Structure formats: structure tokens, C-alpha cells
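Same chain, two partners: subunit A is paired with subunit B first, then with subunit C.
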Partner chain A sequence: MKPEGVGQASWEAALSAFEQAIGSERVFTSDEDIALYRDAYSPMWGEADERLISAAVAPTSTEEVQAIVRTANQFGIPIYPISTGKNLGYGGSAPNLSGSVVVDLKDMRSIIEVDDERHFAIVEPGVSYFDLFDYIQERDLKCWIDCPDPGWGSLVGNALEHGVGHTWYTYRDHFASHCGMEVVLPNGDIVRTGMGALPGSKTWSDFRYGFGPDMDGIFGQGNFGIVTKMGFHLMPQPDAFISKKVRVPRRRDIIPLVKITNEFEYGGILGMPIYESPLTQLQAAGDEELGALMDSPEVWHNDSLDLLAASRELPFWECTLQFYGPREGIYANFDFVKDRILAEIPDAEFVDLEELQFPLSQEEQASVRHKVAVGIPNLNIFSVSARSRTNPNPGDGHLLFSPVIPRTGTDLLEAQQIFGEALRGSPLASLYTPFTPPFTWLHRCFALACGFPISRSDPSINAASRDAMETVIRIGAENGYGEYRTPPLFQDLVSSTYSYNNHALRRLTETVKDAVDPNGIIAAGRNGIWPKHLRERRQ
Partner chain B sequence: MLAFTAIPFYNLKTEGLAVEVAAPDAFIVDTRLSPIRSELSNIVEISGDIVEISGDDVAPYLYRRLVPAWREGGFAVSGVTGCDALFCIEQAARAFGLRTIRSTPLGTSNLRGAGEGVPGSLSTQSQELELEIVSWLIAPNAA
Partner chain C sequence: MIGKVAQIVLLSSTLVACTNDREIAAGADNAPKSQGQLVFEEHCIACHGSEIGNPGEPFMPGTGALDAKYDGTLPAVLTERTDLTPTVVAYFVRNGAGMMPFFRKTDIDDDELAALGLYLSNTEEEQ
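Up next, the complex of A and B:
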């Protein structure tokens, strides 16, 4: 395959130029090599519309990236930068535009600086969370990473995707905790943002804004350049960590519970609260009594599920409360939070989970209950997703729907019903129920996320998931719930839902795109931003 | 501790499909399969530089041994693991130009354990894994 609209002579000349710039061993065109960049969670796996690349190039330096970009401009080659290509559920390493050349930044792996007095790191895009974690551990530095689950992705790639993690407050908003970038622009020029624009700056990784407009935002979920360095603020290693679980008996107890946890998280006392419901296990096990109750549309309004939970001696909701800081202080904080919860939910119950004091030995790290809560990257989540009695049809992966809803219990209950009723009667109706828990990755909102199954052997599963995804995207937007992130196949649709004032935001981004990348070579179509010559492709 | 309740394997040798495992640089055996190791040995030749790791989290071995070896070039690795562990290893291997040359399902076993799920994950907590077991070989692409 070669990129559409590129003549054979131009294509061969471009490949030759890539090889001249970075070495032939770093230019990949064989079918076997190209297959390595397929999205393992593609909802179009094996179908005609699966997004596939034409080639890949793997530079090792900013200068090589510049050479690639200049070549791409010269010959009109669409390029698609990836960091470590682990964006599973959101497109992986596959581009929006088939035939693009992937610019694989995995070998730009320098950890440029880590400072555990000012608590920052500067890294290149090929640095994974595992890499930085090991770097910090080997040097006994007193700072933490915040990583997603699984932790094999790139700090730069994840942050640019607006990815999220699991530790304390803003550290888990990875783009918010970045500070400064170096970017190769579509014309091959290099820009450093924030204080990095001042030659010899001593605060590039301390003060994000620099002077004048903050341009960093356009590179997050954007296609205006290739980021080659990025700074991150790191959480200081705390003295201790404790986690407790609170159990509440009724569905509507979530309302006061969320109100209290919000107050304490935003006030700096509580870490990321994690909401769960034991009823999801009953559902996954095919509980007939639960199934019968769920068949009624009245299930959203009556107390039938409360009664069921009580009869099984199960709480309706559980919430893991996590505290970081000096040991004596966090126990005092927990007591305060507990008293507040009991004042509003007198029959709430509390369970001890874990206490840790830092630093941890390697053996202690291995036995941590929830590793990402204390900044330890791991791949445990893939075994959780394996087939089990409570997960009988795990699929080969998932398509992530990630709507943002207000962080209140009332809004949660309403959104569950909206999405649940939207899918009623479909094979995926079970994904939204009165006990679907919200995710708190976004520290000021809920993400009422779910994973629609995908299959690498059964296209009908993928078709059903695609249909469901389109349904919930539209229904969500109609109700004021936009997605914060979505796979390439749905990026045009999601982009179209952000339509205020005749799609003014999209018109603005297209104006910037046309100015910064007039040949439209970088990541065409990413998040609905198409270059001028391809704009009619928008779905 | 894991207690094992087996359901019958598809015996590849019986069916005349004896599995040959090429001599890899390392052979990974998933420790979750320890209760059925002897039965696995009847189906798959487990030999060479054997490494036992927990398939629940392959990350330590993957990032401390395999990735550095793959960066140097080459390093074929074979194994008998849960399919979840294979997925992690093969996805990581792709970045270094390696791919799964052979993947042979060996059957499914019930493994009961005291494991918890990952809090706040998209998947429900699992007290009992029905592990799909696979024999596999990951090697560099042909030059």
C-alpha cells in the first residue's frame, strides 16, 4: 500500500529520502513489519475499513524527526506520530487515515532530567511509565510517577491523549500535570513552549505558562506538530498511604457519598475515590433474580435492587477511600471523613484495606493491592480481563466509550438511566445499569465509561459494538455528555457533537490547521481535524 | 494458593499434531499452571532456559529481561501461559519487530484463587479464572 494520492515515483523518492535521513534499517515497508502496527483492539479488524498504514519510520532524535517532516512535506506524505503505540481501546498505533506513514517514536527514549527537589521530569516520547519508574527506583529518588492501568504506555503519548491515572488529584490528569514541550512543527521548525522559549531558562519544568498565550493545548489531542520532549510535574513520595472501603446499602446513598468525597478530594484530604458495586458481579454471573428485575423499566425508580442487595447481604455501593501523607495525619483525615459519612449515612460500614509506608522494597511492591494507586506500573489488568465465571465473554479487547458527566450522585443515577434505556433491547444493554459505577480518573468529573467488546474473529460482535457506540455518542451529546476521548473511527462523530455556534470550535481548529500545516501532513483526521484537501472525508 | 480443577485438554499429541517447540532463548512457564505442569509436559515440550513467572503480571520479567534483550536484537522466546500473559508479551514484542510465529491453544482450565480484581477497572472482580492456555513462540521477523 502507498498513501492515496501519492504517485509511485513520489512514494519511492520519499522512502529513499526517509532512508537517507534515518537509515534504511529504521524504515519499515514489509507486510510483516506493517502488520505490527495494526490496532489490536480495532473495531474493524479484518474488514475493508480497518485503518492500516503504508510504512513506518522510527527516528531516534529530534533532528531526524525534522528530516522526516520535511520529506513528508516535500512529497505530500501523510504521517502519523505514535509514542509507544499502546493506546488500546482508543485506536492503538493505527492512524485515522489509512495509508499514512507511522512515525514511531519508541526509540526516542531519553530521560533527560528528573529532579526530586523540584519534583519534575523531562522525557522523550519513547519513555514508558515502566522506564521512568525504574529510573526513579534505581536512583532512590523521592518522587512518584502517576500511571494509567496498564502502565506500558508513554508519558508523552498518554498526556497528549488527555490520558489519566490513579494517584492524587491533578497528578492523574496527565496533560494538566505536564510542564513545557518541545515540538517539531509541520514545516520542520522546532518550538519550545512555556519557559522553554527563553534560551537558558532555568524553569522550563517549573512554570508552565511562560509568557503570552499558552500554546501547549493545541498539541493535546491535536495534529499540529510532533512532540519530541515534554516535562511533567511529579508527586513527592509521601510518608504513608492507607486505603479503606466504605459500603453503603442503598442506591441513592451515592448522592451524599459523592458530595462528601468531592468536598474532601477537592480540599486536598482524599485521594481518588473508587466506586464499585457488588451487583455487577451478580449480573456477570447471570443471576436470574437480578435479571428479572432488570427487565422492568421501573428498575430505575423503585427500590427493588436495594431489597435484592439487602437480601443477599450485599452493599449497593462500595467506595475505596485513599489517603496519602504523614501516617498520623492520614489516619486523622480518615477519621474525619468517616464521621462525615456516618453523619449522613448512619448505616455505612467501613473496611480496612491496606496500609503502606514508603519507600517499599521490591517484594513489598509486588504485593501491593492496587499498584497504580501508589504509582507502580503493572500489567495486572489484563489478567483481570481474562475469562472467568463473572466475565464469561471477555472478547479480544474493547472499544471505550468515555462520556463526561457531572460529579454528583444525582447526575450519575440520571446518566445510568439515559444510557441504559438507549441500549435496552440490544445485546449490549447490560453495560449500563442502575449499579454501573462511575470512574473518577477525571478529577473534577465522572467518566461513565464502558467497554464495548471487540473480536478478532467475529465481525458481528464488532458491528454490534460500533452500532452501540454510535447510539450512545449521539444520546450522550443530546443530554449534554460529551466524550473526552474516543477511537479514530468515531472521532468525526464525537467532534461533530461539539457543535456550539455552528461548529465554531472545529472551524477555529481548522483555521489553525490550515495555517500551521497547509499540506496537511500530520495525523490527518485526528480528533476530527482534517486538512483542507481531505475535509470532504469527514464522516 | 491455587486449587486446580481440570477440564479435559485437547491432546495435540493424540491427535497427531505433536507440538514442536523450536529452541528459543527462553521458555516461559506461567506459574498459575503449576498444578497441571505434568499434564502440560505430555503435550508440549518444555525445555531450554525455563523461566517461571506469574502470568498475572508479566511486567517485571518483560521489562527487566525481555525488553532489554529485544533492544539488543533477536531473542526468541517461547512459552506456555495464559492467553492474557501472551497478549502482554506479544504486544510489547511488536515494538521490537518481533511477532508471534506460532500460537496453539491447549485448552482451558479452572483456576480458583483468592485473587481480587483491579479496583475501578472496567472488568468485574474475579475470584475464579477460566484460563485459556496457549503454547506460543515469539521471534523476530524474517530479515
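Up next, the complex of A and C:
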């Protein structure tokens, strides 16, 4: 495969120029090698419209990225940058435009600086959460990373995709906690943002804005350049951590519970609250009584599930409450939060989960129950959908739907019903129920996310997931819910739902695209932003 | 220049020995580690180690998957297997299995893959 519209002579000349710039061993063109850049969780696996690449190039320096970009401009080669390519569920390493050349930044793995007095790190795109964690541990630095569930991804890539983590709210919004970028623009120029624009600056990763407009935002979920360095604020290592679980018996108890946890999280008392419902385990086990109740449309409004939970001596909701800080202080904070919850939900019950005092020994790290809550990277999240004793016939991946909804209990119950009824009659209807818990990574709202199944052997499963995805995207938008992130296959659709004033936001980004990348070489179509010459490709 | 601190290259061609839970699961000692063991610790052990998983999960994901698949007929922890060959290891690394994606050559290059195959097939000493 070669990029569409590129002549054979130009293609061969471009490949030759890539090899000259970075070495032939870092230019991948064989079928065997480029197959490794397929999206392992592609919802189009093996079908005609699966997004495939023509080649991959793996630079090791900013200068090599510049050379690649200039060559791409010279020959009109579409390129698609990835950091570590672990964006599974949201597209992996595959591009929007088939035939693109992937610029694989995995081997740009320098940790430029870590400062545990001012609490920041500056890293290249190939640095993973595991890498930075190990670096900090080896040097006994008193700072934490905030990592997403899978720790093998890139700090830069995750932040640019607006990825999220699990600790304190100011750190787990990874784009919001970044500070300073170095970017190779489509013309090969290098720009440093914020204080980095000041030669000799001493505060690149302390003060994000520098002087003048804050340009960083266009590089998040954008296609206006290739980020080659990025700074991040780090959390100081706290004295202690405690986690407690509160259990409440009724579905509508979520309304006061969310109100209280919002108040304490936004006030700096509480870490990320984690909502769960034991009824999801009954559902996974195929509980017949629960299944019968779920068949009734009235299940959204009546108290049948409350009664079922009570009959099984289960709470309807559980919420893990996490506290970081001085040990005595966080116990006092917990007591205060507990009293507030009991004042509004008198029959709430509390359970001790974990207490940790930092620093942890290696043995203590290994036994931490929920490692991402204290910034220890791992891959344990894959147990959610991998084969196990309770899931003997798993899929081969998932397609993530991540709608953003207001963070109130009332909005949660309403959104559950909207998405549940949208999928009613579908084989995937069980994904939205009256007990579907919200995710709280986005610290000012809920992501009522779910994963539709993916198969690398049964296209009908993928077709059903694609249909369901399109349905919930459209119905969500009709009800005011938009996605914060989606795979390439759905980026045009999601982009089209952000349509205020005749798609004014998209028209603005296209105007910027045409000015910054007139040949449209970088990540064409990314998040609905197509260059002028390919704009008719929008689906 | 970037900041005032000299650039520190973490990993250009060298695999850094892990000092966290991944090392413990591999059985930390003072013996020098083979390249295959280092590759395993960097890329595999976070799913195929012997530690606990997330709350409610007794195993790490890869170990839990193999525990369910083999139901005791083969060890669930990869480093306890005696039936693996470099060819089998290479197949799964380059093709994936279920939720496990395949690994690109910028993750694990061919030399590292060969070393990993020797380590997991317990044939390093024969080389």
C-alpha cells in the first residue's frame, strides 16, 4: 500500500528520504511490520474500511521528526504521529486516513528533568508511566505520577488525547496538569509554548501561560503539529492515604451521595470517589430474578431493584472515598465526611478498605489493593474484559463510548435511562441499566462510559457494536451529552454533534488547519479536522 | 537548552532494571539478569506476573486468563511453564491473544524477542 494520490516515484523518493534521515532500520515497510500498527481493537477488523497504514518511521530525536515532516511536505505524504500507540479502545495506533505513514515516537524515551521540589517532569513522547515511575523510585524522589488504568501508555500521548488518571483532581486531568510543550509544526519549525518561548527560561514547567495567547489547547486532540516534549506537574508524595467504602441501600440515595462527594472533592478534602453497584455482579452472574425485573420498562421508576438488593442483603450503591494528606488530618476529614453523609442518608454503612503510609517499600507497593489510586502504574485493568474464571469466553477488545454528563445523581439516573432505552432490544442492552455506575475520572462531570465488544474473528459482533455506538452517539447528542474522546471511525460523527452555530467550532479548527498545515500532511481527519484537499472525506 | 538540569537519557538502548513490584514478582536477587528476563520484566510481567490484580481479582490479567484457560493443566504463570518455545513466544508477541494486543518492533525488537523466547523456554543456558 502507498498513500492515495502519491505517485510511485514520489513514494519511493519519500521512503528514500526517510531512510536517509533516520536510518533504513527505522523505516518499516514490510507487510509483517506494518501489520503491527493495526488497531488491535479495531471495530472494522479485517473489513474493507479498516484503517491501515503504508509505512512507519521511528525517529529518535526532534531533529529527525523535523526531517520526516519536511519530507512529508515535499512529497505530499500523509503522516500520523503516535506516542506509544496504546490508545486501545479509542483507535490504538491506526490512523483516520488509510495509507498514512505512522510516525512512531516510542523510541524518543528521554526523561529530560524531574524536580521534586517544584514538582514537575519534562518528558519525550515515548516515555511511559512505567518509565517515569521507575525513574522516580530509583532516585527516591518525593513526588508521584498520576497514571491511567493501563500504565504502559505515554504521558504525552495520554495527555494529548485528554486522558485521565485516578489521584487528586488537579493531577488526574492529564492535559490540564501539563505545563509546556515543544512541537514540530507541519512546516518543520519547532515551537515551544508558554515560558518555553523565552530563551533561557527557568520556569517552563512551572507557569503554563507565558505571555500572549495560550496555544497549547490546539495540540490536544488536534492535528496541528507533533509534540516532542511536554512538561507535567507532579503531586507531592503525601504522608498517608486512606480509603473507605460507604454503602447506601436505595437507588435514589445516589442523589445526596453525589452532592456530598462533589462538595468535598471540589473543596480539596476528598480524592476521586469511585461509584459501584453490587447489582452489576448479579447481572454478570446471570441472576434470573434480576433479569426478570429488568424486562419491565417500569424498572427505571419503581423500587423493585431496591427490594431485590435488600432481599440479598446488598447495598444498591457503594462509593469508595479516598483521602490523601497528613494521617491525623485525613482521619479527621473522613469523620467529617461520614457525619455529613449520615445526616442525609442515616442508614449508610461504612467499611474500612486500606491505610497506607508513605514511602512504601517494594513489598508494600506490590500489595496495594488499587494501585492507580496511589500512582503505581500497572495493567490490572485488563482483567475487566480478559478471560477469567468468571468470564470464560471474552472478546478481543472493546470499543469505548464515553459520554460526558452532569455530575449529579439526578442526571445520572436520567442518562442511564436514556442510553438504556436507546439500546433496548439490542444484544448490547445490558450495558446500560438502572445500576450502571458513573466514572469520575473527569473531575467536574461523570463519564457514563461503556465498552462495546470487539472480535478479531466474528465481524457480526463488530457490526453490532458499531451500530450501537452510532445509536448512542446520536441519542446522547439529542439529549445534550457529547463524547470526550472516540476512535477514528466515529470522530466525524462525534465532531458533527458539536454543531452550535452551523458547526462554528469545526469551521474555526479547519481555518487554523488550512493556515498551519496547508498541505494537510499531519493526521488528516483527526477528530473531524480534515485538510482542505480531503474535506469531502468527512463521513 | 531545556531547563538547567542536564538531559538524562532513560532508555536509548539499555533496558533499565525495574525496582518496583514487577521486579519482586520476578524474584529479585543479586544475580545478573539475562536480556530475556529484562524484556519480560519490562513488557510482560505486569500482566503475566504472580501478584494480585485490582480489587476483587486474585490474579494479574494474563495470569488470570491462563488460569481460566488451562484450569490447572498448565501453570498460569508464564515463568513456571516448561512447554514454551521461542516460536510460540514470538507468535503471541507478534499476534496477540484476546485482549492482549500485538507488540510492535519499537516495543520489542527482534533481538529482544529472541532473548525473551529463550528466557521463557528456559533454554538460555543452552545458547
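Everything that follows uses one rule, which is that the second predicted complex is superposed on the first by the 531 of 539 C-alpha atoms of A that agree within 3 Å, B and C clash if a C-alpha of one lies under 4 Å from a C-alpha of the other, contacts with A are read in each partner's own complex, and residues count from 1 in each chain.
What we mean here is this: a contact is a pair of C-beta atoms (placed from the backbone, for glycine too) under 8 Å apart; a residue touches a chain by one contact, two chains touch by 3 or more.
Every value quoted in this text rests on a predicted model; they were computed, and no experiment measured them.
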Fit or clash - subunit C, subunit B, common subunit A: clash
First (subunit B), second (subunit C), both or neither touched by A:L356: neither
Touching partner for A:F439 - first (subunit B), second (subunit C), both, neither: first
Partner chain in contact with A:H370 - subunit B first, subunit C second, else both or neither: both
First, second, both or neither for A:F130, with subunit B first and subunit C second: both
Partner chain(s) touched by A:M230 [first = subunit B, second = subunit C, both, neither]: neither
Partner chain(s) touched by A:S30 [first = subunit B, second = subunit C, both, neither]: first
Contacts of A:S110 with subunit B and subunit C, given as first, second, both or neither: second
A:C143 touches, of subunit B and subunit C: first, second, both or neither? neither
First, second, both or neither for A:L379, with subunit B first and subunit C second: both
Footprint overlap on subunit A, where subunit B in one structure and subunit C in the other make contact: 28, 32-33, 36-37, 40, 84-85, 88, 104, 106, 130, 134, 151-152, 366, 369-370, 377-383, 385-389, 391, 394
Subunit A to subunit B touching residues, read off their complex: 28, 30, 32-33, 35-37, 40, 84-86, 88, 104, 106, 130, 134, 149-152, 166, 274-276, 280-281, 284, 320, 366, 369-370, 373, 377-391, 394, 398, 400, 437, 439-440, 449-451
Residue numbers on subunit A that touch subunit C, as the complex places them: 28, 32-33, 36-37, 40-41, 56, 58, 60, 84-85, 88, 92-93, 104, 106-107, 109-113, 115, 122, 126-127, 130-131, 133-135, 137-138, 151-152, 182, 200, 202, 204-205, 229, 362-363, 365-367, 369-371, 376-383, 385-389, 391-392, 394-397
Touching residues on subunit B, where the partner in the complex is subunit A: 55-60, 62-64, 82-85, 87-88, 91-92, 94-95, 97, 99, 108, 116-132, 141-142
Parts of subunit C lying in touch with subunit A, wherever the complex brings them together: 1-5, 7-12, 16, 18-21, 23-25, 28, 42, 46-47, 51-55, 57, 59-62, 64-65, 67-69, 94, 96, 98-107
